[in-house]
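Going in written order, the chains are labelled A, B, C and D, and every chain counts its residues from 1.
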Amino acid sequence: MDFAFDARTEQLREQLLEFMDSHIYPAEPVFQQQIAERSDPWTAPPIVEELKAEARKRGLWNFFLPGEHGAGLTNLQYAPLAEITGRSPHLAPVALNCAAPDTGNMEVLAMFGNEAQRKQWLRPLLDGEIRSAFAMTEPEVASSDARNIATSIRREGDQYVINGRKWYISGAMSPDCAIFIVMGKTDPEAEPHRQQSMILVPRETPGLTVERGMHVFGYTDGDHGGHAEVRFEDVRVPVDNLLAEEGSGFAIAQARLGPGRIHHCMRAIGMAERAVAALCRRTLTRETFGKPIAEAGVVQDWIAESRVRIEQLRLLVLKTAWLMDTVGNRGAHTEIQAIKIATPRDVEWILDKAIQAHGAGGVSQDFPLAELWAAARMLRLADGPDEVHKRSLAHRELKKYRAEAAR
Amino acid sequence: MDFAFDARTEQLREQLLEFMDSHIYPAEPVFQQQIAERSDPWTAPPIVEELKAEARKRGLWNFFLPGEHGAGLTNLQYAPLAEITGRSPHLAPVALNCAAPDTGNMEVLAMFGNEAQRKQWLRPLLDGEIRSAFAMTEPEVASSDARNIATSIRREGDQYVINGRKWYISGAMSPDCAIFIVMGKTDPEAEPHRQQSMILVPRETPGLTVERGMHVFGYTDGDHGGHAEVRFEDVRVPVDNLLAEEGSGFAIAQARLGPGRIHHCMRAIGMAERAVAALCRRTLTRETFGKPIAEAGVVQDWIAESRVRIEQLRLLVLKTAWLMDTVGNRGAHTEIQAIKIATPRDVEWILDKAIQAHGAGGVSQDFPLAELWAAARMLRLADGPDEVHKRSLAHRELKKYRAEAAR
Amino acid sequence: MDFAFDARTEQLREQLLEFMDSHIYPAEPVFQQQIAERSDPWTAPPIVEELKAEARKRGLWNFFLPGEHGAGLTNLQYAPLAEITGRSPHLAPVALNCAAPDTGNMEVLAMFGNEAQRKQWLRPLLDGEIRSAFAMTEPEVASSDARNIATSIRREGDQYVINGRKWYISGAMSPDCAIFIVMGKTDPEAEPHRQQSMILVPRETPGLTVERGMHVFGYTDGDHGGHAEVRFEDVRVPVDNLLAEEGSGFAIAQARLGPGRIHHCMRAIGMAERAVAALCRRTLTRETFGKPIAEAGVVQDWIAESRVRIEQLRLLVLKTAWLMDTVGNRGAHTEIQAIKIATPRDVEWILDKAIQAHGAGGVSQDFPLAELWAAARMLRLADGPDEVHKRSLAHRELKKYRAEAAR
Amino acid sequence: MDFAFDARTEQLREQLLEFMDSHIYPAEPVFQQQIAERSDPWTAPPIVEELKAEARKRGLWNFFLPGEHGAGLTNLQYAPLAEITGRSPHLAPVALNCAAPDTGNMEVLAMFGNEAQRKQWLRPLLDGEIRSAFAMTEPEVASSDARNIATSIRREGDQYVINGRKWYISGAMSPDCAIFIVMGKTDPEAEPHRQQSMILVPRETPGLTVERGMHVFGYTDGDHGGHAEVRFEDVRVPVDNLLAEEGSGFAIAQARLGPGRIHHCMRAIGMAERAVAALCRRTLTRETFGKPIAEAGVVQDWIAESRVRIEQLRLLVLKTAWLMDTVGNRGAHTEIQAIKIATPRDVEWILDKAIQAHGAGGVSQDFPLAELWAAARMLRLADGPDEVHKRSLAHRELKKYRAEAAR
């Protein structure tokens, strides 16, 4: 057992921290300014492309993707880097071409796409030239039970015909979003986990209508292409657009969610670190009742709690990354659920305290805290609510004792 | 001791509940539609004036104001009515001319305004013809310690000259907001609680600039005139615009905050009731894992907790209202702080659970829950953060034992 | 609505407070001394009888029992008196002949006993001459689902034959405990709520064996007769010993639990008040890091929280008492469950903080806090765990929306 | 970074797990039986010596002590072993000669004792022939601020004269406890951290009176020699009995506390694992409302939460052990405080849920849960309350930003 980062991780951390200081943090006010002035509410401001170019030049690119197509890092090596990008979550992940949902989509294409699919869609995604969407959640059903997904994918000759309605499809409001990975039912009569398939739908396909941007506590996340509601009406694509085979949708979704969850958690810890720094800085420089707020016992309690919780979250995420590297995503199932349960709520708690210490400023657009909070809160729902993960985790724990109890 | 409402309260509750069913709830989708279509982001949509006219016709008007100027209700009589309006907080309070910050401003004018001030500003406010703002919080200082307020109000001959910067001035973005009550320092050398004064500043006064709308978790609250940042640069008003006398600003603020806090808490309880109803309705009609979500033990735990907490909050608020009626606002100080501490956080908790049960819909613009949550969260900061109130409440509790401990 | 106590309550509160100061608090060290010196671990020390005599002389007696047999107080009148006795829970309730489980047993006898039963058992209980036990909980089943109760009560001619095992039968270790009210199954084939009956079993009946005292976190509660495990082996009693009729056991249990729960909650609030006083006193007189612990922000947070929670609990309990008086115990079902859920956990929280502020002393035998804590913790289990009450409360809340949801 | 145990750890874990199964768990009922039957409430029952002999024979001995005197394990190697012993905390640690307070005392003697002291006291302790006590906490002062310690150690010629009162001196009620390490003031005029010294006081020294056993929530911990109140009245020992030098008491205490805290935390995690197993087993085998309690959503929530928290605690403790091994106890200061804050409260929470699931049995003497709970609760106080550690941890966190804030 060894808790030190390996040499490559240390080196990349150093390079990335330098990039954060020299480029990312200075770009934040520029980004805000450009956001305020842009005409299209659903595109990234120009500074983002500049940052991407600079990051790629420095070799800070596609860290998230293991294997030949990406930077070749293990999950354990990527984890501390992803955390650092989470300190500036609107700029750093996208600058390094490590932003969701593209990361998950690239993984899917790398793992399940055939050569033609990879050439057409994975290549430009790896180059940061286009963006992509993952269309799973539906407004009409509790999508946390994936078997509820109702969009139909019906084969007609050489085509699949897609009908359904999706929402909270992140990135899809952006004109740069060129391709949708759509989950739907190819066979409602199959056994539950074999009913669903995934299929590639180019944005311009007739019948696909991006209707509106959904909000997250008043935020549109427009710079990242928002969260769209999308209608599929008799959308026809060639059968070659299917990913893997019919009935593999559930398995692909599972394969995609593991890394997706750990990436979210890594970045969320970076957000929490940013919150603690803001909490300390603010309370050291404001006074009430004749002394800095930082001297208030309750504020110190928040700071200590935040530090303790962050240390615990980080270790759990790192251990999970190590497990994914050593025994695979399935072997790390319990731990992936554990980080998904623990991280969003603790990060939300930490952000809440930082907000409280900032007074009205904390909920305002002048500090990043409220928007980060909304992102953390959303994580308690995204990829299934905490409650579903806890239920599943408890089932596995109980299983250890079932045989004995039956005796 | 008697926990039944009196006859007048019962009658008004009935009338109000009927009005909610016949006019307010049906107006909600119209309101949303008009909001989406309006050109000015800072005005109330037309449906609001229609509701005001109808409410006034029915005698559902100015309930909040005790005494001759208002409806003549006690706090205890108003409390359950205010709670009902909280179930539709964007429409019902304003329809009944019971919306903050006008309510507090009318109280201030009724209590501390001279006849001329009351004629010029209180009359049109009571008639719902203009709106008003209360300019206290400043961006540069921790305003929870009122002694930090730094805006200067300097006398020059027959005028006061005002310089300073305020933010989160609710309602001030609206063109209907005609008058500002501004708090600032007239005498920085006086003893701490006598340094501040309050003064009336008409919107059109030169030097007063409404700069921008501040956000609350991404929401602008535009239909209520938003929350403005306002600059005062050599703003000159006649000395007659002073409220009461120099040095009475702190006392006026205190007098205003008591009723303001209880009104906020009453409405927040109504918000919580709405959340519980939404939580029950949603979970009864969605299924996961083969049964309605409402049958999940964790969801039932949320429902039970919500009911228990609401009952406790309501009783504490009603007792506080009764104390304000019987021993005055000062005598009810501990209880006013207690409701300010307990209500926002419990209502926030309940809204969080309702959101969670709605999945992505919960954080969206399609349900009122996320926006209500932001309002409840803001209440943990508004009029001083919880921590300041707890500190003060603890000091009073400790005082009971100090003499004994000194022995 | 009126939050003031009525005249009789005020007068009794005054008398009782005087008695607490003059007799109960001074008796506490004597009680501890006598406990330490007694030879029989299951009897009350002599000071208890002295206090009973004094209380009865002063008319502070049987407050708990409404109607002709008791003091004739309403629940609303008794509530604030019971709370006061909770400040010294080992002495005050028993001194006033208002201690569980005798109170509940007297209620059962008053409501369901026939004249002979009342004469033989209710009379000496009202006079404080004997004590009694209520034998419901069983070690082998989850007794929170009363249908699980497995003790058999089988009729044989003019007798009932009882077989089974009970535990946590409070008071039964005491030699003064003369009578057991036993719940068991008379008809396992009846519909679930008609299977159980209650029967009177005198202590000396052959076959009844009091086996051992059960502990509560290391405490035996010996001064109150402990919590016994009791074996019933072919215990025979005359058929006249049945309470009410066969099959009415569940209904009697329900009737008994309502008042029992509210009495427990009232006293628990008194325990919380004692804890707050101890918390303030201790922290005002000890120093760390150069100032009294009471000046630590975290401690002040505890004090404020405690005050807020106590006020909320008390109001909920008083409202529940009022409902029981006005619409009956069934009409107050939701509120009775609400206080059972809210009170023990909040009182436990408050006691935990008082303990923490006392350092090692807090967990010791030198302060009453740890033992009070154990009593509060036990309340989260007694008469059914919180979770069962929450489930039931949620079912009633959901019922309001079921018809609508079915549409 | 690597989360796998090394080979030696794996091998020792295997051996220890085998010993737990073959000897420790089977000894538990024997131990309970012997406890119930013993005449001396302050001695360990005979089974303990048998277990010690067997463990030593198997080489499962003195794991806790690094370096030449002990088993030579690193903290990181010992941690998972200590955790396993925590599953049976009354038997396993003492069987392996790894029980507090002897462990800490042996560390002190190994680090600070001179050769004579080591020979006289360390040797028999390492052999498990005697036991020892650490006399620091005092009843009259808040001992969490070590500067408050008031016992005087005054030099008179070749002797030190000790006067003072200590309590919660664990183990000291046992007749096997042969030696006390006593902390007291040698120089009240020195700077705060140089006032205290540590001195060895043999049990039989005149003037040393072991007065009574202090309780922890009703438990006496008699099998471990209890927690004594001890009076020192003109106790005289030779100057050679001083540990290290005058004024080094604070430094010795600090050196002792680091390992002591991590050992406590390791064992506490083992207690939590035992609680989860009990929670699962119990709820799988009891029914309410027609199905096993384990199927209740709320219970599954407890199980999942427990698993997540345990994983987080364990990782934080292991990382701390690794830091202590690699950068020393001072370098691991933040992490040592972090585990001291996080572990007791989470373990307490887990035990509370296991208790709740056991109904009345949970608080009884028939299951180990309530007693384990009391031990976990005590840990929130022992070696300084959580609040003191949080305060200190926050100070270090704030320090990072102080220079910047001062600019």
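Here is the rule we go by: a contact is a pair of C-beta atoms (placed from the backbone, for glycine too) under 8 Å apart; a residue touches a chain by one contact, two chains touch by 3 or more.
All values derive from a computational prediction rather than experimental measurement.
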B-C or B-D - the one linked by more C-beta pairs in contact: B-C
Farthest chain (mean CA position) relative to chain C: A
Distance from chain B to chain A - Cα centre to Cα centre, in angstrom: 37
Centroid spacing, where centroids are CA-atom means, of chain B and chain C in whole angstrom: 42
Rounded Å distance, chain B centre to chain D centre (Cα mean): 52
Contacts with two or more other chains, residues of chain A listed in rising order: 296-301, 387, 390
Residues of chain A touching chain B in the complex: 137, 139, 141-145, 148, 167-168, 214-220, 286-289, 293, 296, 298-299, 356, 359-366, 370-371, 373-374, 377-378, 380-382, 385-388, 390
Chain A residues within the chain D interface of the complex: 1-6, 9, 76, 276-277, 280-281, 284-285, 294, 297, 299-301, 303-305, 307-308, 311-313, 315-316, 318-319, 322-323, 326, 334-335, 338, 341-342, 387, 389-391, 393-395, 397-398, 400-402, 404-405
Chain A residues within the chain C interface of the complex: 296-301
